[in-house]
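What follows is a pair of complexes built around chain A, which joins chain B in one and chain C in the other.
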Partner chain A sequence: MYVAVKGGEAAIANAHRLLADRRRGDRTLPSITIQQVVEQLGLAVDRVMAEASLYDRELAALAVRQARGDMIEAIFILRAYRTTLPRFGYSEPVDTATMKVERRVSATYKDLPGGQLLGPTFDYTHRLLDPSLIDDAAVEEPAVKEPGEHVMRVSDILDGEGLIEGDGRMPEGHVMGDLTREPMEFPMARDLRLQALARGDEGFLLALAYSTQRGYGRTHPFVGEVRIGEVEVELDLPELGFAVSLGVVRVTECQMVNQFMGSAKQPPQFTRGYGLVFGQSERKAMSMSLVDRALRTDEFSEDIVAPAQDQEFVISHADNVQATGFVEHLKLPHYVDFQAELDLVRRMRRDYDAARTGSQDGMKEAAE
Partner chain B sequence: MDAKLKQESPPDMARKECMRLLARASFEELNAAWEALADKPDVSPVRGPETGLVMVRGRIGGGGDAFNLGEATVSRATVRLSTGEIGHGQLLGTDKQRARLAAIFDALFQRDANRAAVEALHRQIASRIDTEDRRTAEETAATRVDFFTMVRGDD
Partner chain C sequence: MTDLATYNFAYLDEQTKRMIRRAILKAIAIPGYQVPFASREMPMPYGWGTGGVQVTASILGPKDVLKVIDQGADDTTNAVSIRAFFQKVADVAVTTKTKEATIIQTRHRIPEEGLREGQTLVYQVPIPEPLRFLEPRETETRKMHALEEYGLMHVKLYEDIARNGHIATTYAYPVKVEGRYVMDPSPTPKFDNPKMHMSEALQLFGAGREKRIYAVPPYTEVVSLDFEDHPFEVQKFDKPCALCGAENVYLDEVVLDDKGGRMFACSDTDHCEDRRDCGHAGHMLARKEAAE
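Right, the complex of A and B next:
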């Protein structure tokens, strides 16, 4: 029997009032503004945009502030917000070759057109806490230099020699899928997997990527290139008959180059994994590219021997909004379910005791 | 057919560039240009302004087949001037008033009488973007690694 239970309205209202108070914190301190979050916690904003799968820095900053800095809560809020908006259409694919590059490094070539551009990186810092930030010390203006030549894509360099597989092509007649419009089905095509990975949880993908490096589905990777910068987003306007620019978004792209595959029909060549993420997040883009490559088992006839190669396992568990929903729902009232379980275990205990007493009686009789 | 003809004609390249710049304009830039306009036509809304989503697509491997990367907020508006021209404004973000002003300037761009004023606004926007991009490129260039080969001790 299901018994509906009401109650707790006042407690819930007061809990949310308390949450608002704790979110604001000490009233003698100034409140942080959305622009301050955008400017000074930019990478938190980027992560929320990437995993909410919605590019809007102000809204993501608002979500970070509203969630008290709880990233998954912020992602959840922004993901929920996007469902309230109508879809105007699909953009033209962004062209990362024409990116306004703010950082580009390659681990495969030292000297390459465009050079190694470190950009605003944590790499090579000593990871020592910086006490000067406590007192808000003045910050130097960045150094400047005359810009060099066009930053060529590393995959194009290797491609010229035919030593690397081309950019990914889907089978003839394949219709591009959209996770936000169709339910998940397995096996899942690479375009849909990339959409799922692009909004997947950074920590989950990082752990899976790490597992491939430690031998669970090894792919022998090199970072061909990581690049960060702005790309233009264009939308086709049917009323005009051409595509117009809507502005620019910052993305991070990773071209992972992996060890060779060849066959009787094709000479050995490097294979590839691809990562593309909203905002500045090379950890996520690199993880995505490693997992993308690991998941391409069907294309290379690889045995599925590790979690990172199992697309149903990876894709079904990569979304942290779904994951947190299912894990966290356990704390909501389960009084009726638990009462039923309690009844069941009591009955089992009675049966157990009865059986034990019965058999002891039997043994006793046998001994006499 | 009609669309194809349009796409190839030079005036539409000018309009495309016009819309690209208007999408990058700040509210202040658009508003100041509107305030400075001598003979303002009446503007009536045709669609919006409204905010929605565009699914941003990428390409597998950077240049392969398309996949859906994630959505972005977009605001858009379509307006008609009292002189008959129709303008479209569409830009990233949730600022509907920016989208409406962009639509007005797209419409004004089609009027010979206002074209010079809109082009002046274009130059202002383009110059700001160029300055910003130039600055970023210079800052990035300063972080370029200059390798030098270590001379080995043995000969």
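Right, the complex of A and C next:
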């Protein structure tokens, strides 16, 4: 007996109620607080801030909790909030040379001004499950050292010798783009590409970066340096005539140094790939810098032979909020179009069967 | 943290609406041309109607009456969800009646009932570029549109005929608008294509993820691509609607049991209910009412 499907509204309300129930889980356990997420799942919070392009630890933590730990869902929630915020200006570029560095490592020099600082890293931990975490054992206070000499940027060391291209510069008169306020257009300049990569999906960029290491668009990279720490964000107020500090953000920066043999336009020198990400995420910053360098084909007259070098391919597919929406929209009803396809396949099938029985009859006649 | 989020009428801020309205005006001025616009993140996923929602949010006024359909029906979950969104953020009057609506947002169908002057049909568009599956690069397809270079599309349709004896495109069937731009009508079945031609209503198309808006103004020529010896044809159903007896409408196939039982009923639920209210009945109608 056929009864048309009704009651979508009630079904949706009930689904949301069930979702809230599953989110809360066992009511006999205390619920996690936003502060606990901020403090103890800090790297999840960092990733959500980075890919949502909104620096607010508490809102990001709220999104993580609301999304039941689903990172892309949390990123989506925070992005949808960010987009409603008024825009009152663009900050000055942050000066990472004056960063209050907590970690800085260079793979290109054994020792260098400012030294190698390991900081809070998973590197060199043995990935053994730690039973002491089950019982919440006491944790030692960290050793803290007074800040020492200026942590010089590795690119500045190389620059002194003239062996590396300068810091990236946009052509004279170039107005800095804003990915969130203008439609994308290709070919896309490096300022917009870097914006897209900075909010791009960590996993997608990681895979692309990895592909360049395996021969799909090699860039001959060395980690000039990775640094993590706090930088000041300043806004230039024309009314005041000077820049005022808006606060401090924690960022991860990667300067990749890439060997380059030279071209008709450029002398042999080291070139750069750049990565800058909110919070602490070396994986993302390093991937970003590898992909940034791979995408700079036009500047170095390189042939585009691999996916990581193809800006339309990379930039159009790096945004996980867009990607997850479009992939998951396939679960929406498509039965009107499917009906049209069903009709077509039935018709083609009839033609096919008719042609086959026709030719079989023909063969029988020939045999007789 | 507590003073989170108070939203403007119809969610989008007025600056954003202004930007979208400019894109819409440009789209109306150049029928069928895809106007890039700075699409916003919406509080629903990309691919779920964010383009249509942004267009609707930008043209919606407090006196409008909104109808939202998905697959022709007002009660499919995503249509319910989008309608609820506008009720929440714009407190606007909603209806399921095609006649009463001033704005109809749709996914995959055009209502059976002819639209009137003053009505606006807003389509949700997943892939606005009709040439996309022939040429994946935006830089190339924009050039092709600029040069009116549509040979590739005709070759594709010709190959269909060479292979199958007929054109094997059943939905998102390409159209030429006002003799200039080839346009994707969004994934509506080609059955609906003739309704776009010389429509009295304004037709707006929003693609949020792809950041494009395009339009067909009222009384505009919309021609489905074809060949002289293979003219464009729409789907035909060999049975009328089982509930209202309508012919020459688009039908959904409903599986009744596990023994191959099927029935065909109007995809446009409002049209079907209207006809039944006027006393029309299909052969399954009595059975259905008995079940209730």
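Just so we're on the same page, the second predicted complex is superposed on the first by the 344 of 368 C-alpha atoms of A that agree within 3 Å, B and C clash if a C-alpha of one lies under 4 Å from a C-alpha of the other, contacts with A are read in each partner's own complex, and residues count from 1 in each chain.
Convention: a contact is a pair of C-beta atoms (placed from the backbone, for glycine too) under 8 Å apart; a residue touches a chain by one contact, two chains touch by 3 or more.
Quick caveat, the model's predicted, so the values are computed rather than measured.
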| item | value |
| --- | --- |
| Partner chain(s) touched by A:Lys265 [first = chain B, second = chain C, both, neither] | neither |
| Touched partner set for A:Pro183, first chain B, second chain C, both or neither | second |
| First, second, both or neither for A:His334, with chain B first and chain C second | second |
| Which superposed partner A:Arg153 touches (first chain B, second chain C, both, neither) | first |
| Chain A residues touched by each partner, larger count belonging to chain B or chain C | B |
| Partner chain in contact with A:Arg214 - chain B first, chain C second, else both or neither | neither |
| First, second, both or neither for A:Glu239, with chain B first and chain C second | first |
| Chain B versus chain C as contact partner of A:His126, first or second or both or neither | neither |
| First (chain B), second (chain C), both or neither touched by A:Gln255 | first |
| First (chain B), second (chain C), both or neither touched by A:Arg27 | neither |
| Common ground on chain A, meaning residues reached by chain C in one complex and by chain B in the other | 58-59, 82, 86, 180 |
| Chain A-facing residues of chain C, complex | 1, 4-5, 7, 11, 13, 36-43, 45-48, 50, 70-72, 75-81, 84, 107-109, 126, 136-139, 164-165, 168, 170-172, 187-191, 209, 211-212, 235, 250-254, 256, 263, 265, 267, 269, 284, 287-288, 291-292 |
| Chain B residues within the chain A interface of the complex | 2-4, 6-7, 12, 15-16, 19-20, 23-24, 50-74, 76, 88, 90-94, 133-145, 147 |
| Interface residues, chain A side, partner chain B - complex | 49-50, 53-56, 58-59, 82, 85-97, 100-103, 110-111, 115-121, 142-148, 153, 155, 166-170, 174, 176-180, 190-192, 194-195, 198-199, 232-233, 235, 237-249, 251, 253, 255, 272, 274, 276, 278 |
| Touching residues on chain A, where the partner in the complex is chain C | 1-9, 11-12, 58-59, 62, 76, 79-84, 86, 180-187, 312, 316, 321-322, 324-329, 332-337, 339-344, 348, 351 |
